[in-house]
Amino acid sequence: MLTGHRTWIFENKPTILSTGTVGGPFEANGNIPNDFDLLHDDIWLQQASFEKAQQTMMEEACQFAVKNSPIEKEQVQFFIGGDLINQITPTSFTAKTMGLPYFGLFSACATSMESLALSAFLINGEGANYILSGSASHNAAVEKQFRYPTEYGGQKPPTAQWTVTGAGVALVGKEGNGPKITSATIGKVVDMGMTDPFNMGGAMAPAAADTIATHLKERDIDPSYYDLIITGDLGHIGREVSLDLMNKEGLQISEQMYVDCGLTIYREGQPVLAGASGSACSAVVTYGHFLNLMKQGEIHRILVVATGALHSTLSVQQKDPIPCIAHAVSIESGSDLL
Amino acid sequence: MIFFWAFVVGGIICVIGQIMFDVFKLTPGHTLSILVVVGAILDGFGLYEPLIDFAGAGATVPITSFGNSLVHGAMAEAEKHGLVGVITGMFEVTSSGISAAIIFGMIGALIFKPKG
Amino acid sequence: MADKKKKNLPPSSQEYQAFQQQREVKRPLLKNCIKAFLVGGFICFIGQLISTAYIYFFDFTEQTAGNPTTATLIFITMLLTGFGIYDRIGQFAGAGSAVPVTGFGNAVISAAIEHRTEGFVLGVGGNIFKLAGSVIVFGVFSAFIVALIKTILIQWGGL
Amino acid sequence: MLFLFSCSPESESNGAKNDGQDVEYTKIANNKFVDQQKANKAKKILSKHDEITSINAVNSDKNLVVAIEVHHNKRFQLTDIRKRYAKELKKKFPNIKTELSTDKKIILELESLEKEIKEKDISNKQIKKKLKHIINLMKEQT
């Protein structure tokens, strides 16, 4: 049901039945290695290319999501996902392997929540019973496409972020045990004329602030309704900027309840500069870390705001600014709703 | 002495590059292209050779010397053949850097995989 | 230049960019410059060592030792690039490892290694100068202009 | 460290000091095979200049090859210095082909040749051959 301009309330409470998360060696060495279903120690995954490695991770994440759920793969109706690589081929090839009807999405790093919102909407409207939704990224594949060859000795400024190698998939079902998807707010493309591709957090912060403010306003709730407001991959700079932006607008969001996936996944001391990014970042941290916390009963209501920068190497070279988007999905633990 | 000055002059040229990175926010591609052009222009005024005499590898190892040696090759050939030599002589002196990069690039591609 | 670009933006964007800039982590200029100086100087020092070795032990003069020195440095770069060390040095040293000819070699070799998955002809062959190409293009073109002007001045101006 | 580098090549050249000036060169003995008077004369002429820190020279009956090392701070004007002294040598030795170099390699080659001459185990023919090789090195451009 539409509330306000761009917020959906899911009264049938689509459920995240299970998740599958896969990571690489850098993530294994990070802050939350126990929240992954599978960690690889080789960034190539014995594949011929980084793109194929990413596809393999996505396939594995899908398999884990199905395995962790009470249902069979044949019961799944749709696969909704996307990634950052040219024409989202790794995701499309995964869809081929899975043999499922498929929606391919692109919202850069906001793809994870875009696909979750759409899955919830389809299930809420009885368009499907079970949907696999997720996103993947691979550090080296993204470096190659958006920046320089991985072995090139370019110096990244302290505003740069480290792309996560991993894949996160959620299996959304009509009913069952698990966290419920209660609402979603679809983001607008926000362009503040930021042009530095090495400062994604700064570029994406206004989009995140806009989506969070709209979500709270259209649902007519206070920020304190949520235990945590989780942003996708704003990093140190974007987190601080967006928090200040919202406080300036009169939204009282406290430091403790405003967390960022890009700052959660890695340890202090890993060379990630301003934090993590990549379409897998919000997916693996939400589906792995935060849903586990919810299952343990430590948190009950979260708003996940995945942020994405919608530029390409071409648009940056042609001096276009970096437009950004943020999609928000609220997830609430099952028991809380009863 | 030459070792000391090679270190200092080479280091200073790199600091100029770093300032172009950090202050003017140029990409490595822009920075290196500008430095090569600067090297060519300096040689046009006859200023780069003295620097090489003074600092040795401190002046020949930075990429600026690439512009310098391109001009040198062109000028040497131009003395013999006039204006046509400007075009034909260009790579006379510089070929080693480019050919080494191509050869070792190819060998690298044959034996190495990116480590990520 | 940056100011001119900013003037064309709507006021809300300008305001945000100023807002953002206060919170942006600044690049540590002095630290970066010192690191670039030390690493860049060290690479040139190694270059001088190699070049001196060529003069002492082979039939090369100061004039002709430059070419084998460059080739040797690029060979070392190939090993450092292939074993995944040069990109670490690059993150530490910035221009210190980008400006010497080893940086040129690294740009070529890293592109060659990276694009091998797309095949040798279209991948390696087509992308090997992806990064370093502009250096060659602008080097050659500016050298052409400089040499042209100089030649004309010498021939007609009697310089 | 600075002085270690700057001094070591010169001190190795085991040259004798001349007239209180700190220009180093070795007078090579004349023997019946090879007459090195011209080379010694060239050394004497050039040693008058302060900016030169070491001189090596060898002559055959047709060629006189001289290599000088100048004070490091003067290396910015190396091309001019080279031209100036080459001219001077040409003027002083009109009857013989003179070559002047500032290249480290030529200095090294001449040094070892001087040593061989001093130890008298080299014939006139060999000197000629070696000088030819050195001149070829000088002419070789990159």
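Remarks
Which chain is which? They are A, B, C and D, in the order written, and residues in each are numbered from 1.
Operating definition for what follows: a contact is a pair of C-beta atoms (placed from the backbone, for glycine too) under 8 Å apart; a residue touches a chain by one contact, two chains touch by 3 or more.
Just so it is clear, the model here is predicted, and its values are computed rather than measured.
With centres taken as mean C-alpha coordinates, the chain found closest to the middle of all protein C-alpha atoms is C. The greatest centre-to-centre gap from chain D, using C-alpha centroids, is found for A. Taking each chain's centre as the average of its CA atoms, chain B and chain C sit 9 Å apart.
As a whole-number value, the distance joining the C-alpha centres of chain A and chain D reads 74 Å. One finds 36 Å separating the Cα centroids of chain A and chain C.
Per-chain Cα centroids separate chain C from chain D by 39 Å. With touch defined as above, residues shared between interfaces to two or more other chains in chain C number as follows: 27, 32, 52, 62, 66-67, 81-82, 84, 93-95, 98, 103, 107, 109-111, 113-115, 131. Residue positions of chain D touching 2 or more other chains, listed in rising order: 141-142. Within chain B, residues 2-3, 21-22, 28, 69, 113-116 each touch two or more of the remaining chains.
If the chains shown are joined wherever they touch, the resulting network has some other arrangement, not a path, ring, star or complete graph.
Applying the touch definition to all chain combinations yields A-B, A-C, B-C, B-D, C-D.
Across the complex, chain D meets chain C through its residues 103-106, 108, 137-138, 140-142. Taken in their complex, chain D has these residues touching chain B: 1-2, 5-6, 72, 75-79, 102, 141-142. Here chain B touches chain A in the complex through residues 21-22, 25, 28, 113-116, going by the rule given at the top. Of all residues in chain A, those touching chain C in their complex are 48-51, 144, 148-159, 191-195, 199, 202, 205-206, 236-237, 240-241, 244-245, 271, 274.
On the chain B side of its complex with chain C, the touching residues are 2-3, 6-23, 28-29, 31-37, 39-41, 43-44, 55-58, 60-67, 69-71, 73-75, 78, 82-83, 85-87, 90, 96-98, 100-102, 104-109, 111-116.
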